[in-house]
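There are structures below to look over.
Across the two complexes that follow, chain A remains constant while its partner is chain B and subsequently chain C.
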Partner chain A sequence: MNRWSYVLIRVLQVIPTFFVVMVLVFAAARLLPGDPLTAILGERATEEMVVKAKHELGLDQPLPVQFWIFLKDFFQGNLGDSINLKVPVTRLILERMPVTLFLTLYAAVLAAALAIPLAFVAALRKDTWADNLIRGVFQLGLSMPVFYIGLQLLTLLGARLRWFPVGGYGNTFGEHLYYLFLPALTLGFNLAAILMRNLRASILEVLQAEYVDFARAKGLRPSLILGKHVLRNALISTVTLFGLNIGGLIGGAVITETVFAIPGVGRLMVDSIFGRDYPVIQGLTLTFALLVSLVFILTDVIHAQLDPRVEAA
Partner chain B sequence: MAAPALLTVKPRARRRLKPSLVAGLVIIGAFVLMALFPQVIAPYSPTAFDYQAVLQGPTAKHLFGTDNFGRDVFSRVVWGAQLDMQIALFTTLFPFLFGTLIGALTGYYGRWADAIFGRVVDIVVTFPFLVLVIAIVAVLGPGLKNMYIAVSAVGWITYGRLIRAEIRGQKRAEYALAGQVMGYTPARIIFRHLLPNAITPAIVYWMTDMALGILLGSSLGYLGLGAQPPTAEWGVLIADGKNFLATAWWISTFPGLAITLAGVGFSLLGDGLADLLRPRG
Partner chain C sequence: MSEPILKLNNLCTVFHTARGRFTAVDGVNLELFPGEVLGLVGESGSGKSVTLRSILRLVRPPGRVSGEVRWRGRNLLSLSEPQMRQVRGGEISMIFQEPMTALNPVLPVGEQIAETLREHTELSGNALRQRAIELLELVGIPSPKERLRDYPHQFSGGMRQRVMIAIALASNPKLLLADEPTTALDVTIQDQILKLLLRLKDTLGMSVILVTHDLGVVAQTCERVAVMYAGRIVEVAPAAELFAQPRHAYTLGLLNSVPGAGSTRRPLIPIPGAPPDLTALPPGCSFAPRCAFATDECTAQRPPLMDISGPESPAVRLTACIHHDALSAAGEVTR
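== the complex of A and B ==
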C-alpha cells in the first residue's frame, strides 16, 4: 500500500464518524430546553409570526427532511444566522478562526520548543538535580488550571512589569507574535508537560536499544547519534501524543481567550452560551469536531512518515 | 534461628510505604478533613461580610487576607474544599464504574460489542473534551449538576479503554481458561477472576482523573458555567479576585494554590498506588 492510499483510507474512515457527529448535534439542537424560536422572536411573538418563522427555518418539515436540509446547508457552508449578532454564523467563524488557529499553533510550537530540549536534558541527566527540577516544575504546571497560570502571568508580566500587553491580538504578524506570547505560553504549558514526560521516557528507552549501542560502537559522534537515531525514534510516540492533545489545546483556547480577552472562536463560544445563541454554538461545535478530525488524520500521516512499519501493517 | 527473623523483616522492608504515597495521603487527607468539617477548621463564615476589614493582606487574624467584601479568604478556601472534593468524586465515580463495566464486557466478548465501543470512542474523541463538556452544559444550562452529567457522558470512555485492553490481555491467561473449563458463568469469570487482575490501571488513572475533575470544575466555575457565585468553589474564588490581582493578589492566589496542591496530592497518590498495586512496578 502506498502512502496516498493510506491517507485516503484514513479520510474515508472519518466520514461515517463525522456523519454520526452531525446527527448528534442535529438532535441536541432540537432537544434544547427553552424554545430557540422564542430566543429568535422574543417573548411577545404572535402565533402568526411563529408559524411564519417555523416555515422560513424549515421547522415545519418532517425530521428526516430537516436533517437533509441541515446536511446540505452544512456542506454549502451555511450554518444559519447568529441570533444576537444578526450575521451568518459561517462569516463569524471564518472571521474569528484565524486568531484561534494562530494561538493554538503558536502554543503547539512553544510547547515543542520547551519540551524537546528539556526532555533531552532530563533524560541525559536522569536523576540529577536538573532532571528533578524540570520534572518538578512541569508536574506543578500540570496541576495548575490553565486560567490560573494565565491570570498570574498576565498580572506579573503584563500589568506589573509591563513587558507584554494585557489583551488583544495586534495587527501585523510580528504584533500577533508579541500580543499572543503569554496566551500561547499559558495554553502550551500543559501540552509541554505532557510531551516532555513522554519524550523523556521514550529517550531513556531508545538509549537502551541495540541500534544505539551499534551506532556508538561505530564511533558516530554523540550529537549525530542523538539527532538522527534517538530523536527520530523517540519522536514517533510523541507525535501521536501531540495529535491526540491538539483537541485539548483547542478546548484550552476557550479558556485562554476568555482570560486574555482575545477575539477568537473560543471566546465566541463562551459569549454565545451566555447569550443563548444556539446557531453559533451548533456551528462552532461542528467546526471544532471537523478540525480535530483533520488533525487526527494529519497525525496518522506524519506517524506513517516517521515510522515505515505503519504502512506495512 | 536467624531464618525466622529474616522472614519477618524482609516482607516489611519490601512493603514499606513509598514517600510519594504517604505525601499524597497526607495532602488529600487534609483536604478531605476540610471538606468534612469546614465549620470546625474555618475561623469565620465563608459568606459573612465585614466592611471593617476589606481587602486586607494576610495577617495572623486573616491567614489568607480578606476579599473586597471583607470575607475571610482562608475560610472560603476551606469551605471550597467541600465543594471541590465533591467535584473530584462526582465527576469521576460514574465514569469509573460505568467505564469499568463496559470495558470488561467489551474486552471479554469482543466482536460486535467491541465494534460498537470502537465507534463510540471514535465519535467522542472527535470533540475536544472541554468543548464537548461546554457544549453539553450549554444545552442543559450552567450549574454543577449539569456539569456532572456532561462529564459523566464523556469521561467513562477512558476507563472503558483501559479496562478493555487489560481484560483482552487477561482473558487468554490460563486461570481464565481454567474458569471456562470448570463451567463458571461468564459473569463470575469476568468479575471474580479477570477484573481484580485488570483494574489496577483504572484505579491509578482514577486518582489522576480526580485532579482533572477539579481542574475542569474550577475552569467551568471560572467561566461561570459551573458552580455559581457566591458559592465558595475554588475556581469561582479565583474569578472573584481576578480584578484585584494587581492590588490584592491573595484573593485569587490562595484558592489557585489549593487547586494546585490538590492536583499534586492526587498525582502523588496515583503514583504511590501504582507502585503499591503493581507487583513488579
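== the complex of A and C ==
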C-alpha cells in the first residue's frame, strides 16, 4: 500500500464517525434542559408569541425533518442563524475561529518546544538533579488545573511585573505572538508535561535498543545517534499521544480564553450554551469535531511517516 | 608467524552494580593475526560478547574496561572518543546476533549504509549511492538498487543479516567482530552466512573474531579457537587440534555435550552444574566445582594460562588446566 492510499483510507474512515457526531450534536442540543424560547422571549411570553417564534425558528417541525434540514444546510455551508445574535453562525465561527486556532497551535508548538529538549536532558541525565528538577516542575504543572496556572501567570508576569499584557489579541502576527504567549503557555503546559514524561520514558527505552549499539559500532557521532536514531524512534509513541491530546487542548482553549479575555470561539461557546443558542452550539461542536478529526488523520499520517511498519500492518 | 594485528593484554571488564561487582571479563590475553578467523567459544554468560564490546569500547555503564587493547600500535583504551569513532566502523566493524533489533526499524537500509559511508569516506551523492548498491551486491542481495529504499522488516532473517554485514563492511575494515552472527538463523541460512563471511574475509583481507556457542560453527569456519569460561580464557588451540585433543577439562566437557558429525552414535554427556556466579568466583580454577578431574591443587589457586605446545606441535597451544596431561590420556572424545 502506498502512502496516499493510506491517507485516503483514513479520510474515508472519518466520514461515518462524523455522521455519528452530527446525530449526537443534533440530539444533545435538544436534550439540554431549558428552552430556547424561554431564553429568547423571557418568562412572561404569551402562548401566542411562543407558537409564532417556534414556527419562525422551525422548531415546530418533527425532529427527523429538523435533522434533514440541519444536514442539508450543513453541506451547503449554512449552519443557520444564531438565535440570540441574529447573525449567521458560519460568520460568527469564521470571525472567531482564527484566534482560537492560533492559540491552540501556539500552545501545541510551545508544548513540543518545551517537552522535546527537556525530555532529552532528563533522559540523558537520568536520576540526577536536572532530571528531578524537570520532572518535579512538570509534575507540579500536571497537578494544577489550567485556569489556576493561567491566573497565577497572569497575576505575576502580567499584572505585577508587567512583562505581558493581561488580555486581548493584538493586530499583527508579532503582536499575536506576544499577546497570546501567556495564554498559550497556560494552555500548553499540561500537554508539555504529558509529552515530556512520555518522551523521556521512550528515550530511555530506545537508548537500550541494540540498534543504538550498532550505530555506535558504526562510528557515528553522538549527536547523529541521538537526533536520528533515538529521537525518531522515541517520537513514534509521543506523536500519537500529542495528536490525541490536541482535542483536549481545544477544550482547554475555552477556559483559557475566558481567563485571558481573548475573543475566540471558546467565549462564544460558553455564551451560547448559557443562552441555549442551538445553532451556534451545533455549529461549534461540529467545527470542533471536524478539527479534531483532521488532527487525528494528520497524526496517523505523521505516525506512518515516522514508522514504516504502520503501513505494512 | 607474522606480528599480531590485535593484542589483548590483561583485558578486564567489571560491572559495579547494586548487587555487587561482576567481573564479566577477567584478565583476558589474546592475540589475533592478520587474515585469521579466531573462534571465541563458551557458554552463555562466559564473557564472549562483553570481550568483543570491550575491544570497541561499547560496554555500557556501569561497565568499566581496563587493561590494554593493542590495535596497529595503539592502545584503543587510551584513545579519545573522536579518535575511537574513526576506529569503530572504519578499521574495526562489528555485527550483532539479531539483525532485526540491531538495524534501526524506521530507517531504510540504504540510509543505514549511507550514514556509515558518510562518516568514514569522502563519498557523497551518486557515488555514495553506487557504493551502497555495490555493498548490497557484494553480500548477495538480489536487485540491490530497488532494495535500498526498503526497511529492515521487509527483509527475511538471512537477508537482514546480509544487510548488517554490508553495513559493517562499508569502509573496508581490517577486523570484523562477529557476535553470534548466525544464532538467530535457521541452519541452511546459517551455512550461507558463514560461507559469505569466509569469502568476504578472503576478498577484503580482514581478520575475524567469531563469537559463538556453537562448536559446529567453529569447526566449519575457524582456524584457531579460544575457549572462555567465567570471563577467562581457559584454552587456546588450532581448531583441528582442539577438536582432536582438548587440553582443558571444560573444553572436553563442551565437546562431549554436543553430538558429533560422525556416523557413530554415542551418548551425550552434559556438564553437571551451572556456570558460576560472577560476583563470587571461587579462588582457584572457576571450573573446578563442576569438574571430574578437580583436585585440591585446582581449588587452591587460580591456574595460569600455560604454553603447552610440544616440539611436535608447531602452533601455539595454551591451557589453564593443571590436568591437561591426564586429559590427553583419558581421551574421552569419541567422534
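Keep in mind that, in the parts below, the second predicted complex is superposed on the first by the 282 of 313 C-alpha atoms of A that agree within 3 Å, B and C clash if a C-alpha of one lies under 4 Å from a C-alpha of the other, contacts with A are read in each partner's own complex, and residues count from 1 in each chain.
Here is the rule we go by: a contact is a pair of C-beta atoms (placed from the backbone, for glycine too) under 8 Å apart; a residue touches a chain by one contact, two chains touch by 3 or more.
Note that the structure is predicted; figures quoted are calculated from it, not measured.
Participant: A:215 contacts which: chain B (first), chain C (second), both, neither?
Facilitator: In the superposition, A:215 touches chain C alone.
Participant: Under the stated touch criterion, which partner chain does A:161 make contact with: chain B (first), chain C (second), both, or neither?
Facilitator: neither
Participant: Applying the document's definition of touch, where does A:152 land relative to chain B and chain C: first, second, both, or neither?
Facilitator: Once the two structures are laid over each other on A, A:152 reaches chain B alone.
Participant: If you stack the two complexes on chain A, which partner ends up touching A:232: first (chain B), second (chain C), both, or neither?
Facilitator: The answer is second: A:232 touches chain C but not chain B.
Participant: So, A:307: does it touch chain B (first), chain C (second), both, or neither?
Facilitator: A:307 sits against chain C, while chain B stays out of touch.
Participant: Have a look at where A:12 lands relative to chain B and chain C in the superposition and call it first, second, both or neither.
Facilitator: So A:12 meets neither chain B nor chain C here.
Participant: Applying the touch criterion given at the start, work out whether A:224 contacts chain B, chain C, both or neither, answering first, second, both or neither.
Facilitator: second
Participant: Count the residues of chain A touched by chain B and by chain C, then name the partner with the higher count.
Facilitator: Partner with more touched residues of chain A: B.
Participant: Shared contact residues on chain A, chain B side and chain C side combined as an intersection?
Facilitator: In chain A, no position sits in both the chain B and chain C interfaces.
Participant: Can you tell me which positions in chain A touch chain B when the two form their complex?
Facilitator: Those in contact with chain B are residues 16-18, 20-21, 24, 28, 31-33, 139-140, 142-148, 151-152, 154-155, 159-160, 244, 247-252, 254-255, 258, 269-270, 272-274, 281, 284-285, 288-289, 292-293, 296.
Participant: Hey, which residues of chain C end up touching chain A in the complex?
Facilitator: 53, 56, 58, 85-90, 93-94, 96, 98, 101-108, 115-116, 119-120, 151, 153-154, 164, 167-168, 170
Participant: Tell me, which parts of chain B touch chain A in their complex?
Facilitator: Listed in rising order, the residues are 119, 122-123, 125-132, 134-135, 137-142, 211, 215, 218-219, 222-225, 235, 238, 242, 245-246, 249, 252-253, 256, 259-264, 267.
Participant: For the complex, give me every residue of chain A touching chain C.
Facilitator: Interface residues on chain A, with respect to chain C: 209-211, 213-221, 224, 228-229, 232-233, 236, 306-309, 312.
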